[in-house]
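Going in written order, the chains are labelled A, B, C, D, E and F, and every chain counts its residues from 1.
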Amino acid sequence: MSQQPIGRFPIPDLKDLPEDIRERILGVQEKSGFVPNVFLVLAYRPEEFRAFFAYHDALMERSGGLSKAEREMIVVATSAINKCLYCVVAHGAILRIREKNPLVADQVATNFLKADITPKQKAMLNFAIKCAKDANAISDAEVEEMQALGFSEDDIWDIGAITAFFALSNRMANLTNMRPNDEFFLMGRVVRKNDGSS
Amino acid sequence: MSQQPIGRFPIPDLKDLPEDIRERILGVQEKSGFVPNVFLVLAYRPEEFRAFFAYHDALMERSGGLSKAEREMIVVATSAINKCLYCVVAHGAILRIREKNPLVADQVATNFLKADITPKQKAMLNFAIKCAKDANAISDAEVEEMQALGFSEDDIWDIGAITAFFALSNRMANLTNMRPNDEFFLMGRVVRKNDGSS
Amino acid sequence: MSQQPIGRFPIPDLKDLPEDIRERILGVQEKSGFVPNVFLVLAYRPEEFRAFFAYHDALMERSGGLSKAEREMIVVATSAINKCLYCVVAHGAILRIREKNPLVADQVATNFLKADITPKQKAMLNFAIKCAKDANAISDAEVEEMQALGFSEDDIWDIGAITAFFALSNRMANLTNMRPNDEFFLMGRVVRKNDGSS
Amino acid sequence: MSQQPIGRFPIPDLKDLPEDIRERILGVQEKSGFVPNVFLVLAYRPEEFRAFFAYHDALMERSGGLSKAEREMIVVATSAINKCLYCVVAHGAILRIREKNPLVADQVATNFLKADITPKQKAMLNFAIKCAKDANAISDAEVEEMQALGFSEDDIWDIGAITAFFALSNRMANLTNMRPNDEFFLMGRVVRKNDGSS
Amino acid sequence: MSQQPIGRFPIPDLKDLPEDIRERILGVQEKSGFVPNVFLVLAYRPEEFRAFFAYHDALMERSGGLSKAEREMIVVATSAINKCLYCVVAHGAILRIREKNPLVADQVATNFLKADITPKQKAMLNFAIKCAKDANAISDAEVEEMQALGFSEDDIWDIGAITAFFALSNRMANLTNMRPNDEFFLMGRVVRKNDGSS
Amino acid sequence: MSQQPIGRFPIPDLKDLPEDIRERILGVQEKSGFVPNVFLVLAYRPEEFRAFFAYHDALMERSGGLSKAEREMIVVATSAINKCLYCVVAHGAILRIREKNPLVADQVATNFLKADITPKQKAMLNFAIKCAKDANAISDAEVEEMQALGFSEDDIWDIGAITAFFALSNRMANLTNMRPNDEFFLMGRVVRKNDGSS
């Protein structure tokens, strides 16, 4: 794999990390087969690390309402607007897997208006991008339009909150020059017959 | 005080909140004399509330490096760029108090280039605004320029991370239509002779 | 009060100014208790000074149609878009006084969509900002929409003309690095019981 | 000549205008052979008319420093940025005449970087456009650079003030839908052998 | 005529050019009385020259649907957006001639919303500018709106394709610093009684 | 493969196409194993089709100077700026193959500043993006800087001309809603041991 540096700030040694953080990292490694660089780069600041992943999990693993694939669509579309290489590549991989669709991540990242998603999902991404770029101008009328399309109050919160969280995340990845692991680029691109995972 | 709604989403009753959240809110009320609306609006989602304030405290109450007033300058300058009424008004109040300067918040919010702050602080805000608007283009050269001006690696992380956190916070405040408490508008504007607080 | 320079160009001595200009300045001082810096900075060019204040008065002291507070709202909203510290602070003070409302100026300056003003006033500010940023695209249809909302032809001229005049004024203040007097920052923030003035 | 309306607001009859305004208009007509529409459109508001032309004359007929042609270049370049048809066409005509150059106005309006003007004049227009679009960010360093190029303090004031005045003028012309007289389009395009006028 | 260089790249000698290119250039010279500089500048690369003019002719000399004058309007409006001096001046001349209207080119270049053209032509230019600036967001709904206004599928292709071709052309002219021939500036400005040509 | 429509305009039948166009299409099919949709969508207009591919080949298959992979980098970077799904996906595939690098296309499309390419290639893409977005402001100084970095006059023409050609191409793809073939998404992602092709 690549020998490029994975970030612009110091990367702590696993052994020097607080126990809870080291365990979280080892757990991810066991599950995924590698440690996504975001864990290593953010471990430089343990307290922020804990808050970051607690926030992430609260939003991305929430059940009900938006599907997990839809949550990833929001991440990919808004991270592309912010030109965040790490998040587009890493969450593009997760989106392909969750949606069992090898094309959708590149479509959503480049121009979601042309993606193979539903009109309701396009409305969702449109609202997310408004939130990413012009949240100051979100009006009650727009919120009501979303409700008329079938989004619940909680769905709207989720769309906005995921966008807001990745507004943070994209800026941290760009600030730290966080490099996406090589593994992400190919994940989910070859759909298997029986289980749809890559 | 104002009878306007404080947000666009449901506001939970204090008595229905998890114990830790209710206690945090009552603690703030005791200290400040009122409950800043951000606590009430975000309590709608307890898990996100906990992560939000843990992240906030890790960045804003960190000791060493940037002063607490400088951290607030970053919040005010970048929140003004994002037209976030809640954060400009609430953190403008805190900035006036921390800096013991009744003018600086309005200056920083409107046009920080004209504020009564040091050239080094202007460089700090310049970097913060780059991070707020074009984080994708932060280069190694810019990071090195910051170091040449005397900012440590940790200072640069802090400037970027505070900006990133308020990129999230501004979007949540705009999404939820969070109303700044009336109390904030006057705080820190009348400097007292002996202690500098308002 | 502050010992900062009040502008980037030479400030003439009161005694060297033409009689009419000196009298205007002394009149303002008597009425307000201080000389707003705009008078001192622009006095560098007496002919332009006279035209500037004649124009200003024709628009801002015109009776009928828009209230004086509404005229100030237009100034504050469009000056904030132009990041003009002098005009936001000085006219923010006047707006607070005219509206007898200590909150409204900061609301209008930061994000008028969230201000405690009427929907009709928001439409007024929306048209003003169109005029500040994209006057080239004002269409007959937009003018008719304004009329449908109850704005007369003269009101529409006033909204546009005030915006146009402060497009000039904001640029002069930024060009000359005009500093708002410290007095403005607190004016109108403490509403008195009986008369509403600060 | 064209039978199109010359503006979106009422045009007063010459005979109903205050004496001084009627005389000014008749004087222009005698000198130019026609009445430029700006005089008729703005006469709707006599007080503003007087201030407008007093300001205009103070800046555009000022002697010393910038040449009259250079003052017109500033008008044409910044009015083009603002997509103001009236000012580009009318002042384009005056620029051709003053500069005795039938090409320069179209060059400056479309892309001044490609115009047949001196490098110092390009620096002048560059500063003017900064003033038209981002006056909030004009720094002491930029003012000093201009001085290093040979612009006096008064020249810099003039460049900025002309730009500021036409920021007003462009917005009024666009607000009122002011139509440039057909005569302007051809003026100064055919250079005569002996006197250079068209 | 002007002695200014006509471009930033080497200009080949007519005698060194391939036969077909030399003949095309001599043919244009015979017809127009001069060689438009675009032919000389692009002749530096014969293969690209041939493709460029084949593409140009396929779009601009196509019969049926849009008139030739309307095709030129699209060129002038979108080239003005791209600040391409060569195309605004050269195609402005052709537009004046084709439309037998000495005013229309300057109107369309500066602000087509104020031009003496039909509402349907304004809709055409509006679509062209969307294609010039935000083609990524052209929706089926917008295409259908154009059809509802009476544009055929082929008309819509033409509007978009002319805009696309001049997106290329404008960039080449700006890259090469292509100078419009002096002759273009006056062409079509003086309408003759009997034949309408200049 | 996908059953989605491949464009918004009529797609001609292969058998109805002029002989030369049908042969070109069959030739591509034989070589690639499928017909890239750009051939089918543009065949609607045979003359434009011929000019388009003649221009394309003149630029993209030119030998000497920029490598073929570098030419593709320019296409991918500028097409991503223009949010052109077809060109990002199709030329991303070609870039991966030409560069024998499965990561580089996604890097260049998302944020070329973070791509695994040389500093000289980043300067190349920087110039290309200037040409894509602000060609009007390309100065002699910038051209000289490029020469100082080792780019010849022909290299600079190529960078600009490829960008200009894809400014056209991206607009045509977005206008026609051209769908990238499913095959492109995976091409070049799995690097084979011995030959580097996918």
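Following the convention adopted for this analysis, a contact is a pair of C-beta atoms (placed from the backbone, for glycine too) under 8 Å apart; a residue touches a chain by one contact, two chains touch by 3 or more.
Not measured: the values here are computed from a predicted model.
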Item to check | Set of chains adjacent to subunit A and to subunit B | outcome: C, F
Checklist outcome for this item: Min route length, chain touch network, subunit D to subunit F, equals 1
Checklist entry - Is it true that over half of the residue numbers where subunit A touches subunit F are used by both copies, so same, or is it different? => result same
Checklist entry - When the Cα trace of subunit B is superposed on that of subunit F, what is the rotation angle, expressed as a multiple of 5 degrees? => result 120
Next on the checklist: Can you work out the whole-Å distance between the CA centroids of subunit C and subunit D?
Outcome noted: 25
Checklist outcome for this item: Rounded to the nearest Å, the gap separating the Cα centres of subunit C and subunit F is 52
Checklist outcome for this item: Distance in whole angstrom between the CA centres of subunit B and subunit C is 28
Item to check | Averaged-CA centre spacing for the pair subunit E and subunit C, given as whole angstrom | outcome: 45
Next on the checklist: If a residue has to touch 2 or more other chains to count, which residues of subunit A qualify?
Outcome noted: 83-84, 111, 136-137, 174, 177
Checklist entry - What is the shape of the graph in which nodes denote protein chains and edges denote touching chain pairs (line, ring, star, complete, other)? => result other
Item to check | Pairs of chains, among all present, that meet the touch criterion | outcome: A-B, A-C, A-E, A-F, B-C, B-D, B-F, C-D, C-E, D-E, D-F, E-F
Checklist outcome for this item: Contacts from subunit E onto subunit F in the complex sit at residues 8-10, 44-45, 47-48, 50-52, 54-55, 58-59, 82-84, 131-132, 135-138, 140, 143, 153, 156-157, 160-161, 163-165, 167-172, 174-177
Item to check | Contact footprint of subunit D on subunit F as seen in their complex | outcome: 136-137, 139
Checklist entry - Along subunit F, where are the residues that touch subunit B in the complex? => result 111, 113
Checklist entry - For subunit D, which residues count as touching subunit E in their complex? => result 2, 4, 80, 83-85, 88-89, 92, 102-103, 106-107, 109-111, 114, 116, 177, 179, 182, 185-186, 189-190
